[in-house]
Amino acid sequence: MRSRAEILGLAALGLGGLALLFGLPHVVEIFALVDITVFVILSTLALSLALVWGFGGILCFGQSAFFGLGGYAYAIAVLNMGESTVPVLLGILLPMLFAALLGYFMFWGRVSDVYLAVITLTVSLIFFHLVNSTSGPEYRIGSAPLGGANGIPGVPQINVPGDPGRQLGFDEMFQLAMAVLLLTYFGLRWLLASHFGRVVVSIRENELRAELLGYDARRYKLAVFVIGAGIAGVAGVLFANWGSFIGPNVFSIFFTAQIIIWIMVGGLGTLGGAVIGTVIIQFLTTWLGETKIADTNLVLGVIFVLFVLLVPNGLQPMLRDLFGGWAARRAVARTGKGAP
Amino acid sequence: MDFAAIVLIQVLYAIASLALISVGLAIIFGMMKVINFAHGEFLMLGGYAVILPVQAGVNLWIAMLIIAPLAVGLFGMIVERVIIRPLYGRVIETVLATWGLSLFLIGAASEIFGYFQEGTSPPLGSIAIGAYREGVYTFFVIFIAAAVMAGVYLFLKRTRFGLVALGTMQNPDMAAALGVDTGKVYALTFGLGAALTGLAGAVLAPISGVVPIIGITYIAKAFITVICGGAMALSGTAAASVLFGTVNQVVTFLSTPIIGEVALLVAAIILLRLLPAGITGRFFRSGL
Amino acid sequence: MSAPLLATSGLVKRFGGVAAVDGVDFVLADGELRCLIGPNGAGKSTFFKMLTGQLAPTAGRITFRGDDITGRARHQVSRLGIGIKTQVPSVFDGLTVRENIRLAARRRHAANEAARAVDETLELVGLAAHADRPVGHLAHGQRQWVELGIVLATAPKLLLLDEPTAGMTRDEVARTASLIQSIRGRCAMIVVEHDMQFVRMIAETVTVFHQGRVLVEDSMAHVLRDQRVRDVYLGKQATARHA
């Protein structure tokens, strides 16, 4: 049951999002728009981990693996096919398929908590190692060289389906990314309010009790894991488009740490917080990279530690308490606890 | 025949280096149930703690065996007080906070030492084994690893501090009631783990060189070895090191180093699937 | 005589060398209310855990409504109609009372009917006034009733209650007793309790566990007069004595 305040809040968000989608390209110049586009894409990636970890209680330290798989799948497929529609689908489906296999392996084995974190981190690192070692010209899939540490440059942009000549421009790239973000955000809000979503949250709260009520926790966790992988995959596809490039750094331990920092800063257990955290951290990272005031890792590290010690619930709950009211019924939990 | 000897030596070296980089993390994990994600950077600091004094003229062995462990051990005690102690008992938060510390240390090292590789070549020269040559330093590393494992075991089992530490970990309230300063025990245990890690970083520095991000190459392997080893710090680490070191080296011989790395990681995943609590069984047991 | 609702034969659970449950033959009829008592460590909770699929028996069989359910997974057992209120309250602290019960009700009712079932359950356990408060904010006794409500909302055929009045005040205990009386007949129940006054309020047949086995099974009056039961509670060896 949604309160009036909640409905108004959602409507405001929706209208604001649409306003940005249609209006921003006219207001902001190209270079800024390109910067903003990547923030939007990474926010979508953050939402995927917000779902899996914040709501599903699944400690996935390797969300970057699905992001990277999506990007690489798209790049390789589009270089081979010359048309982007199927590659986009592959970029979404391949991570989901992989997540289904990995998830089955982990959840049916009742692997959880720290051990699950180790496995998922390890998977991302395996990809990092494998892709990094594909430097020679003999490493190619069809007409797409894997490029090893140098990655795959010159990735063709998404085109209007059926018309390979008509590729997306910068404005349209932003609008597509924004549309995906909005769809993901509202889609997840809907999903989490549905019965499926409530069961998922209850499993995070108390897996034993959920199963004693007859819910098979393994299936729900698998579903959440796969959905999260699909969202990360979409973000990966968009990312490969954004820079016309994809490289093995998307699988690195640094990048996977960043995703976690976004969530920690924004607020674990919230959706809006994921976006807030991403924008703040990425803005900071970009700014640090340009001004070279201090090493990026140094600053990020300090922020990370301070947030864990002092603001463990992240920014979104703080802001929410300040402005009071909307979305008041979202249960903000810190980390998923397994069965008691 | 001599090729077999070389292979064996390389396998032993792989096991030894894995054990060395993991034992400090295992002490902290097994005894304090703390997962220190800045572990790789403690290794990195150990590396700088040997190379910089050597460049300033200090004797290599003194830098490696005394300065490095002491420096990193003391640093570890500070970290314990500031970051670990406030979060004690909260496993996930500890992982996240130490991950932040890791980033901070990498950034700080990059700022202070620059991004370039520092190095010194392995001392002690080489000896002939049949038709091949093997560095004497390789044997030194194997020896140090064995000595460290044995030393830690004896220290924890046979000394008063070891007994007190074990008791405090199992039942801090009881220990406090008996007059033990539990804060000091935690600090010293973490410091011990850090010192061992510093030593490992220093010992391996002549072979791999040191860059600010060298910890990254170690953290995954150390983390995996410790988790797969299970709750018993020493025996678990030893067992996991033997398993993974062998897999890594054998597969490397049969193909490439990268595939060898991947094989180690895959073996870890399979092991965790089969033994979800690691080789030495249930979580939070008290043995060594 | 109709087939029993629940029957175990030779049920055993060993942990390492220790047998927590050491050969239990237990029969419960449809709609029956049984109290299960015994000193700590007698194996009562372990017995419940095997019935609900939380633990797999080392040996023996469990039959429920004619089906062999030995070793089935806990979510499967729940769907077959066995509900349990655990020894340590197991609820969803971060969700409201209403959401807790709704999750349970949805197992039996479709979305639009569930609301009615939730309201009925809230009335039954007397928590309608607190329906929209997070369960984690409630007092201990109230949390026990939430859990009772959750389990009742799944309309089980067999309800296991593991120390439902633990930590409750005198008034709360009395209220729980009348609650249980009011749902008698809806489902069969096995109630584990240490509070003898509470047991007296609700009991018909009482089963006494001791060291993983059934010691005595009789009416409340007979059990309380049985010398073996007294010995067990006072710590003496339960040897066969002549009266």
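Order as written gives the chain letters A, B and C; numbering starts at 1 within each chain.
What we mean here is this: a contact is a pair of C-beta atoms (placed from the backbone, for glycine too) under 8 Å apart; a residue touches a chain by one contact, two chains touch by 3 or more.
Computed from a predicted structure; not experimentally measured.
Chemist: When A-C is set beside A-B, which has more C-beta pairs in contact?
Modeler: A-B
Chemist: What chain is most central when centres are computed from CA atoms?
Modeler: Smallest centre-to-centre distance to the global C-alpha mean: chain A.
Chemist: Could you pull out the chain whose C-alpha mean position is farthest off from that of chain C?
Modeler: Result for the farthest chain: B.
Chemist: Measuring from the mean C-alpha position of chain B to the mean C-alpha position of chain C, what distance in angstrom results?
Modeler: Roughly 49 Å, centre to centre.
Chemist: Chain A to chain C: how many Å between their CA centres?
Modeler: The mean C-alpha positions of chain A and chain C differ by 44 Å.
Chemist: In whole angstrom, what separates the CA-based centres of chain A and chain B?
Modeler: About 33 Å separates the centre of chain A from that of chain B.
Chemist: Tell me, which residues of chain C touch at least two other chains?
Modeler: none
Chemist: I need the residues of chain A touching at least two other chains; which ones are they?
Modeler: none
Chemist: Within the complex, which stretch of chain A touches chain C?
Modeler: 195, 198-199, 201-202, 205-206, 208-217, 329, 331, 333, 340
Chemist: Write out the stretch or stretches of chain B touching chain A in their complex.
Modeler: The contact residues of chain B facing chain A are 35, 83, 86-87, 91-93, 95-97, 99-108, 110-111, 216, 219-220, 223-224, 227, 256, 258, 261-262, 265-266, 268-269, 272-273, 276-277.
Chemist: Okay, in this complex, where on chain A does chain B touch?
Modeler: 59, 105-106, 109-111, 113-115, 117-119, 121-123, 125-126, 129-130, 132-133, 253-254, 257, 260-261, 264, 294-309, 312, 334-335
Chemist: Going by the contact rule set out above, which residues of chain C touch chain A in the complex?
Modeler: Contact set of chain C toward chain A: 52, 54, 73-75, 78-79, 83-84, 86, 88, 90-96, 99, 102-104, 106-107, 111, 134, 150, 154.
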